[in-house]
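Read from first to last, the chains carry the letters A, B and C; within each, the first residue is number 1.
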Amino acid sequence: MIALRPRIERLVEAGLGASAGLSIAATALLVVTMALEVTRFFAEVTPAQVLFDTVWAPLFAAPRYGIWPLLLGTVVTTLLAVAVALPLGLLSAVFLAELASPRTRRWLKPTLEVLAGVPTIAYGFFALTIVTPALQRVLPDLPGLNTLSPGLVMGVMITPLFGSIAEDALVAVPNALREASLALGANRLRTLALVVLPAARPGLRAALALAASRAMGETMIVAIAAGPSATMTAYIAQVGLGDVPAETTAFRTLFVVGAVLFALTLTLNQLARRGR
Amino acid sequence: MSAAASSSRGERGLLAACVFAVAAPLLVLSVLVVGVVVQAAPHLDLEFLLSGPSRFADRAGIYPAALGSLALIALTAALAVPVGVGAAIYLQEYAGRGRWARLVETNIATLAGVPSVLYGLVGLEVFVRAVGLGRSLASGALTLAMLALPIVIIAAREALRAVPHELREAGLALGATRWQMVWQVVLPVAAPGILTGIILATSRALGEAAPLLVLGAVVFVSDPPTGWSSPFTALPLQVFQWASRPQEAFAQAAAAGIVVLMVTLLMLNAAAIVLRDRARRRGA
Amino acid sequence: MSVVTPSNEGARLLSIAGLNAYFGPTQVLHGVTLDIAARRVTAVIGPSGCGKSTFIRCMNRMHELVPGARCEGAVRLDGADIYAPEVDPVALRRRVGMVFQKPNPFPTMSVRENVLAGLRLTGRRLSEPEDAVVERTLRRAALWDEVKDRLAAPGLSLSVGQQQRLCIARALAVEPDVLLMDEPCASLDPIATAHIEDLLSTLKATYTIVMVTHSMQQAARVSDETAFFLNGELIEATHTDALFTAPRDRRTEDYITGKFG
């Protein structure tokens, strides 16, 4: 009965622990890489140039590093996406959580999830070749590369993400609240609007934050349909394609933009986690 | 109008709005699919599948990109799956709830939310330049593996968590060590769920172009990759390159590439769904 | 203070002295001292929450698997303290087996594989062919006749009562000295329960059995010795007949006459 734990057990546990440790290493790599290049960037460029200039032209002979155009482009596309996804996602969440029969739910939910499985390059191509021309018939001044078309398409793409988390938030509202409202004589619509939705608000906010974060980080759709310097992600994708030599300030702009993107999406993700 | 009538009108309005909300994205998706397929149709033939890209739009083919994607996700899986499943096993079966475990969990949740394009930045700096692998299959696979890692860990963790606690107790009560119990009792039960997670991560990796763009994967590659150090292209990258060209015929080629990509993803996801059902039935 | 009548027949196999058990800061067992007679069935009875399950889980060191749980005191198996620092709990559990309240056959294994699971899990080499072990163990668990044509069927395809006997067979295949049973019939219907109770009377010829039960009638039917727990203390332990007909402690009497439960 007296025996020693074989060494194999310890080795296995160490190996598995090392795998878990690699995930920390990945984050460390991410943070260190960006911090390094951003620091080197700011040895050449002052923060004032980034924050107070309004032109982004880092690859020109007389470079300008104002980040606002990129930031604005990202914000515009994100807001557009959210403007589409919020009503569509919320209503489908309401439908699935409150109105649909279990039978309907069983086939509808996976069907909606298919939307999320479409590769983003397909959405981007769709935005460029089908949505933009359609929009141009309504808005003839719309340029071939614009932020409206990818913004709307991104909205469709993130609708299932928002809808799914919103649905979780609605389902989490205890039934007792609904029953109390109905017992007071309110109909389902009023119960929904005045009792269920307010109770689900933290979860809905989290869903929104998460969907916005996803839209903000999306690259391919904007890269194809919006043009190379429309948003932060489009810029990063474009520079990778080009021949900007490494170790230059222009190259380092990649990491500065990346760091801003990381900070923004991290904030949104943290907000989302707080609400769940 | 009576209160009852107007309230039921409101409810019907709500229902109509909901049905519209559910139908609209699906309608958009149908337009997308039909539009892409129609555009792809003239270009989608066997020659497309078997030849390489070319300056001449009507001869553009997808073969090297397809093989590149295949090699890429095979390598990515080979890297991300052992590490990811191992980390999940460690977190679920060994680590307990201490500070170290919670740190790792928070970290994984953070990684899962990082925009994919940023992984490209890391890959560029670390694998392409610092480690010196250049713009090769290896760099691409390592970068995508970093991206896939949190997905695999989270899915595997869910599958492990679903294994009933009583089975672990039974195994330990028989005198098994923790690893014997995990290997012979827990993993067989969690296997379908873990496999689903692997397939999900693989489909993500297949559709990702952003990190590869940033890596600077050379987009005009006429041969499939020959080894881990060869330059490569991937399906979504090739589509991106064609879509960026003005000629109509390249747009057709891009559409055809998208069809190939989506069909592949559809098959992968169907496999994942089948496995998920089997996993659910096993647990009962 | 507990009233314990030492058993005169049978050698002392499991000896518990001053056992205290804790979940974090909460103490759930207080100074339990008891000898478990070899090759007898000892029933452990008491109201819910009295510490019965915790007690037997201290016998095979499963209690300490719960985060924050620990125990102190001595539990001696054949004279050697199982909590001594050099003792490997894993090896201990091969000598002290356990059957749980809800049958838990391994779902991905067949009947046959479940029986052999204890041996395969621990990497033991068999000195005889597997089929012989399977048959012998299933016979010992009174399950052979019912499943001999279905050995390759999944473990879960058996009825609940059969599954529990399968779990018993699985535990027996490891050849333990002691078999701990935590309310083994709680999930079973009366017929299945009867099967297992009959089984116990044959098993005790070979194994020492400690069984937690919620049913006093079952304890009276099946066991040779009975220990009564209340609020984490061992109140009284003696021959079953003696405990039920002439309990020495007032609290025991109140429990068995149903004044509380």
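FYI, contacts are C-beta pairs under 8 Å (C-beta built on N, C-alpha and C of every residue); 3 or more make two chains touch, one makes a residue touch a chain.
Quick caveat: nothing in here was measured; it's all calculated off a predicted structure.
The chain closest to the protein's centre is B, with centres computed as averages of CA atoms. The greatest centre-to-centre gap from chain B, using C-alpha centroids, is found for C. Each chain gets a centre from the mean of its Cα atoms; for chain A and chain C, those two points are 55 Å apart. Chain centres here are Cα averages; for chain A and chain B they lie 16 Å apart. Centroids built from CA atoms put chain C at 49 Å from chain B.
Multi-chain contact residues of chain A (touching two or more other chains): 5. Chain B has residues 177 in contact with two or more other chains. The multi-chain contact residues of chain C, meaning those touching 2 or more other chains, are 90-92.
By the touch criterion stated above, chain C contacts chain B in their complex at residues 60, 62, 65, 67, 90-94, 97-98, 100, 102, 104, 106-109, 117-118, 120-123, 167, 170-171, 174. Partner chain A is touched in their complex by these residues of chain B: 7-8, 10-11, 14-15, 17-22, 24-26, 28-29, 31-32, 35-36, 39, 82-84, 86-87, 89-91, 94-95, 103-104, 107-111, 113-122, 124-126, 129, 146, 149-150, 153, 177-179, 203, 206-207, 209-210, 213-216, 219, 236, 239-240, 243-244, 251, 254-255, 258, 261-262, 265, 269, 273.
Listed in rising order, the residues of chain B touching chain C in the complex are 96-97, 164, 166-167, 169-177, 180-181, 184-185, 188-189, 282-283.
Contacts from chain A toward chain B in the complex involve residues 5-6, 8-9, 12-13, 15-24, 26-27, 29-30, 33-34, 36-37, 87-92, 94-95, 99, 108, 110-112, 114-115, 117-126, 128-130, 156, 159-160, 187-190, 192, 210, 213, 216-220, 223-224, 233, 236-237, 239-241, 246, 254-255, 258, 261-262, 265-266, 269, 273.
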